[in-house]
Amino acid sequence: MEMVQQAKKKKYKRTMLMIFLAIVAVFLISLNTGEIRISPMDTLKTFFGFGSEMDELVLFEFRLPRMVIALLVGASIAVSGAIWQGVSQNGLADPGILGVNAGAGFAVVLFIFAFQGTMSNLGDFTIFVLPLFAFVGAGFAAFLIYVLAWKKGITPVRLILTGIGVNAAFSAAIVVIQLKMSPNDFNQAIVWLSGSIWGSSWTYVLAVLPWMLIFLVLAVVRARYLNIMNLGDQLSYGLGISVHKERSFFMLIAVALAGASVAVAGSISFLGLAAPHLARKLVGPKHQGMIPASALIGALLLLLADTLGRVILAPSEVPVGLVVSALGAPYFIYLLMKTN
Amino acid sequence: MKSLETEKLCIGYNDRLIVDDLNISIPKGKVTTLIGPNGCGKSTILKTMSRIMKSNQGAVYLNGQAIHQTPTKEISKQMAILPQTPEAPSGLTVYELVSYGRFPHQNGFGRLSNEDKRIIRWALEETGMIAFHDRPIEALSGGQRQRVWIAMALAQETELLLLDEPTTYLDLAHQLEILQLLERLNREQGRTVLMVIHDLNHAARFSHYMIALNQGKVIKDGSPHEVMTKEVLGQVFHIDAEIVLDPRTNKPICLTYDLMNHERKLEAVNG
Amino acid sequence: MGSQSNKQLPAKDDAMDIVTKPFGTAAVVIIGIIALAFGLFLSVSLGAANIHLHTVWEAIFYFDPQQTSHQIIRELRLPRTIGAALVGAFLAVSGAIMQGMTRNALASPEIMGVTNGSAFAIAIAFAFFPGQSSFTLILWSFVGAALAASIVFGVGTLSKGGLTPVKLALAGTAVGALLSSISSAIAIRFDVAQDMSFWYAGGVAGVNWSNIKVIIPVAVAGLIIAMILARSITVLSLGDELAKGLGQYTKTVKVLGILVVILLTGAAVSVAGSIGFIGLVIPHVTRFLVGVDYRWIIPCSAILGAVLLIYADIAARLVNAPFETPVGAITAIIGVPFFLYLARRERSGI
C-alpha cells in the first residue's frame, strides 16, 4: 500500500514537470509572436545581452513583463477559483460568475474615473494603488455575497444565485460609470473590462508580484484545510475545523488574488473554473497537490490565450478575457451538463 | 461513567422549540440508539450534542467538560461524527479519504507521519477495506462507502463515535454489515457508539441502551427490553405493535404493527 | 373521527377559479390603467423641456404642425413613451411566461441569455452587413434571441439531472457570457463599439414611429398567442407530470411559449436594447396581487410592466437632467435587491 502512495507521488511530480515544460514552451513561442517578428536566434542573443537595442526594447520592455503578468494572473485566478470551489463545495463556482470580478472592476473603474478622469496615463502611484482598490471592490462584492447568502449558513445553491445577482448589480453600475466617460475612454474601458493584459510594464509586475506571491503561498500552505472543508460543514466541525473562521480566511485569500488579477488584467471569467477542474482531472482532488497544479495550469492557459489573442485577428488584438470566455464558456456548459 | 451528557438542553429555530429541557446521558463503552418518529428531533439532538448546531439554552458535557467551552480541535480528538449523507469529492481514493481522519492530530504542513500511516492502515484493516485502498470512492458500493467513512472516523482515534442514520440508504445485507462492524468495534475496542436509527428491530438488536423520543421529549429510555414494548411504541409512534423475542438473538422485535385509530391514540398519549 | 370524503381530482376549470384573487385583479386592472394613462401624460410632458399637460392634450387631439412643442410631442415624446409602455409590457409578459413554464422564480429573459443573443446578432449585423433597415435589424434580433434561448434550454434540459433553477441560471449566464464575449470581440475588431454601446445601456430614448410600426404587428401576434396559451400555462405551472396527466400536450405548449418569449423579447431588445429586471420582478408582483391564473397574470403583467418602464424612464430623464441616465440602471436599482431577496428564499416554486 505504501508503494502505491509512493508511485502516486512520483506521478504527481512527473505531471507537474510536464506542465512546467509546457509553460516554458509556450513562453518561448509567445516571445516570438507579435507585430515585430524576432527570430529565435535573435531572441536567444538578446537574452544573453548580444541583441540589438530594438530587440531588447521589444522583448524586455513590452513582451516579457506582459508574459510575466499573464503567468501571475493565470495562477492567481486559478487558485482563487479552486478556493471558491472548495469552500462552496460546488464545482461550478467561478469568481467571474459570482460577481467578485465585477465588484473589483467596478471599484477600479470608479477610482480611475473619479481620480483620474481618464483611463490613459495612469501615474506610477496610481498603479500601485490600483490592486488595493480592486481588492476592496472584490472584497466588498464577496462580503455582499456572503452576507446576503447567509441564512444560518450558506448553501451552495444560495451562494451561486446570490453571486449571479451581485454580478448583475455591479455590471449595471459599471455601465453607468462607463457612459459618463468620453468615447475614447469608453472603448478603453470595454477592452480592459473584457480582460486584457494592458498593464504591460514592469511597474505593474512590481505592483502585484508581492501581493500575489504572498497569497499564493498562503493558499498552498493551508491547502489541506480545504480538503476537509470540501467534505461539508458537518464533517468539518467533526474533524475540528472552526468552519466560519477558516471559510472567511480562505475567502480573503481568494478575493485578494481575484482582486489583484482584475486590477492588472480586467475581468477574466471561466479560467477560475476551468483550471481547477483540469487540475483535478490530472492530479486528483487533494488540495495539497491540486492547488499548485491549478496555479501552473492557470498560468499555462492564460499565457496560451494571450498568445492566441495576439495572433488570431492580427493586427488587432483580441482581449485575452474574450479568448478565455470563448473557450471557457463551452467547457463550462459541458461541465454543467455532466454534473448534477 | 458518562461519555456524553446534556443538561436542560433547549434547541429551536426562532420561536419554535424543537427540544425543550432535555436531560440525557450516554453511557461509556456501550452502544446507544436514539429512536423516534420523523421530526421528533433526534437528528437535531445528535447535531447539537456534537456541536454542529448551537443550542438555545442548556449545556452538553463531553467527558465532563462543557463542549462550548472546549476548543473544537480538542473535541474532534474525543468525538467523531458520521453525518447523514456524506459526500466525497469525485476522484478521491479510499486511502486519501481515510487519511483526512488524521487531520485533528496533524500540524504544520500536514505530511503524514509514520504513526499516521500506521493508524490509517489499521483503520482500513478494521473495516476490511485494505484491498480497496486505491479505488476511487464513487466506484464502491453503498456498504463499502459507509465502511470507508467509518474507517475515516476510526482514523480520528476517538473514543466516541456518533452516527446519523448510518444504514438508512443501504440494502438489507449492507445494513447488517455496518451494524455488525460497529458492534465489533464496540466489543473489541470499547468504543462508545451513539447513533440514530430508523429500523426499530436493528436498534433493539444492536444496542445496549435505547432512548425513545417524541416531539423533543424522552418518552422512555432503558435497555431494549424496557423500551421495545407495546405501550412505549404506542406512545412514541402511535402504532399498535406486536412484540416477540427474536429466536436467534433473544432481543425484542416488532413482528407486525397497525396504525392506531384516534381513540387509542388519545389513550396512548394520555395514559 | 369521521372518514374522509372521497375527493375527486378538481376539473381544470375548478382549479383555476379557486386560485384567482378577484379583488387584487380588479385593483391591478383599474389602478394599473389609471396609472398607465397618467404615466403616459407625465412622460410626454416631462423632459429637457417641460411641456404643460394641456398642451399635450392639444397635441394629441388638436395637432398643429406649426407649434414646435406639438412637434416635439408627436415626433419625440409620444413614440418614446409608447415605446416604453410596449417594451415594458413585452418584457413583463415574457418573464411571466418563462416563470410559468419553467416553474422557476428566477426565470427572466435576461438571465436566460436571450438579450445577449439579440445583441450578438445585432453586432454581427452592424459589423458585416451595415446599413440595415429597422425591420431587418429586428429580424436579426429575433434570430439571435432564438439562438440563445434554444441553446440555454437545450443545455438545461439535456443535462444530467434535468432543468433546475440553478442550472438554468448558470446556463443562461454561460451562454450569455459567451455570446457577449463574441459580440465584444466583433465590436472591437470591426469598430462598431459605439453603436453597440446603445445595447449595453438599454433605453427607449431613440424610439421613433418607424420602430414602433415594425414591432407592433409582431408584438400583437405574440400577445394574442400568449393569451391563447394562458390557460395551458396555468396547468403547466402545476408541474409537467400533472399537466400530462390532465391531458395537456406539454411539448406543444412549451414550444409555443418559447416562441412567444422570443417574439416579444426580440422585439423589445431590438428597439430598446438591454433593459433588465422587468421580466423578473413584474411577474412576481402580479402573482402576488392577482393569483396563479395566467389568463389574468398575462394581461396584468403587461399593464404593470408598461407602468414600471414608463415611470422608470421618467426617472431616468429626471435623475441627472439634462443628461439621460440609462433606464437599465434604474430598473437595476429596483430589480437587484428583489433578485437577492428571491435568492435568499431559495424556493423554486412559483
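Just so it is clear, A, B and C label the chains in written order, and each chain counts residues from 1 on its own.
Operating definition for what follows: a contact is a pair of C-beta atoms (placed from the backbone, for glycine too) under 8 Å apart; a residue touches a chain by one contact, two chains touch by 3 or more.
On a predicted model such as this, the values are computed, not experimentally measured, just so you know.
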item	value
Chain whose average C-alpha position is farthest from subunit A's own	B
Centre-most chain, if every chain is reduced to its averaged C-alpha atoms	A
Distance between the centres, which are taken as Cα means, of subunit B and subunit A, whole angstrom	43
Whole-Å gap between the CA centroids of subunit B and subunit C	53
Centroid spacing, where centroids are CA-atom means, of subunit A and subunit C in whole angstrom	35
Complex contacts: residues of subunit A adjacent to subunit C	92, 96-97, 148-149, 151, 155, 157-158, 160-162, 164-169, 172-173, 175-176, 178-179, 183, 186-187, 190-191, 194, 269-270, 313, 316, 318-319, 321-322, 325-326, 329-330, 332-333, 336-340
Subunit B contact footprint on subunit A (complex, rising order)	1-2, 4-5, 89, 221, 224, 227-228, 230-235, 237-242, 280-281, 284-286, 288
In the complex with subunit A, residue positions of subunit C that touch it	106, 111, 155, 158-161, 165-167, 169-171, 173-175, 177-178, 180-182, 184-185, 187-189, 193-194, 197, 200-201, 276, 325-326, 328-329, 332, 335-336, 339-340, 342-344, 346
Touch list for subunit B against partner subunit A, complex	47, 50-52, 72-77, 79-81, 83, 86-93, 95-96, 100-101, 103-104, 106, 109-110, 117, 121, 124, 130, 133-134, 156
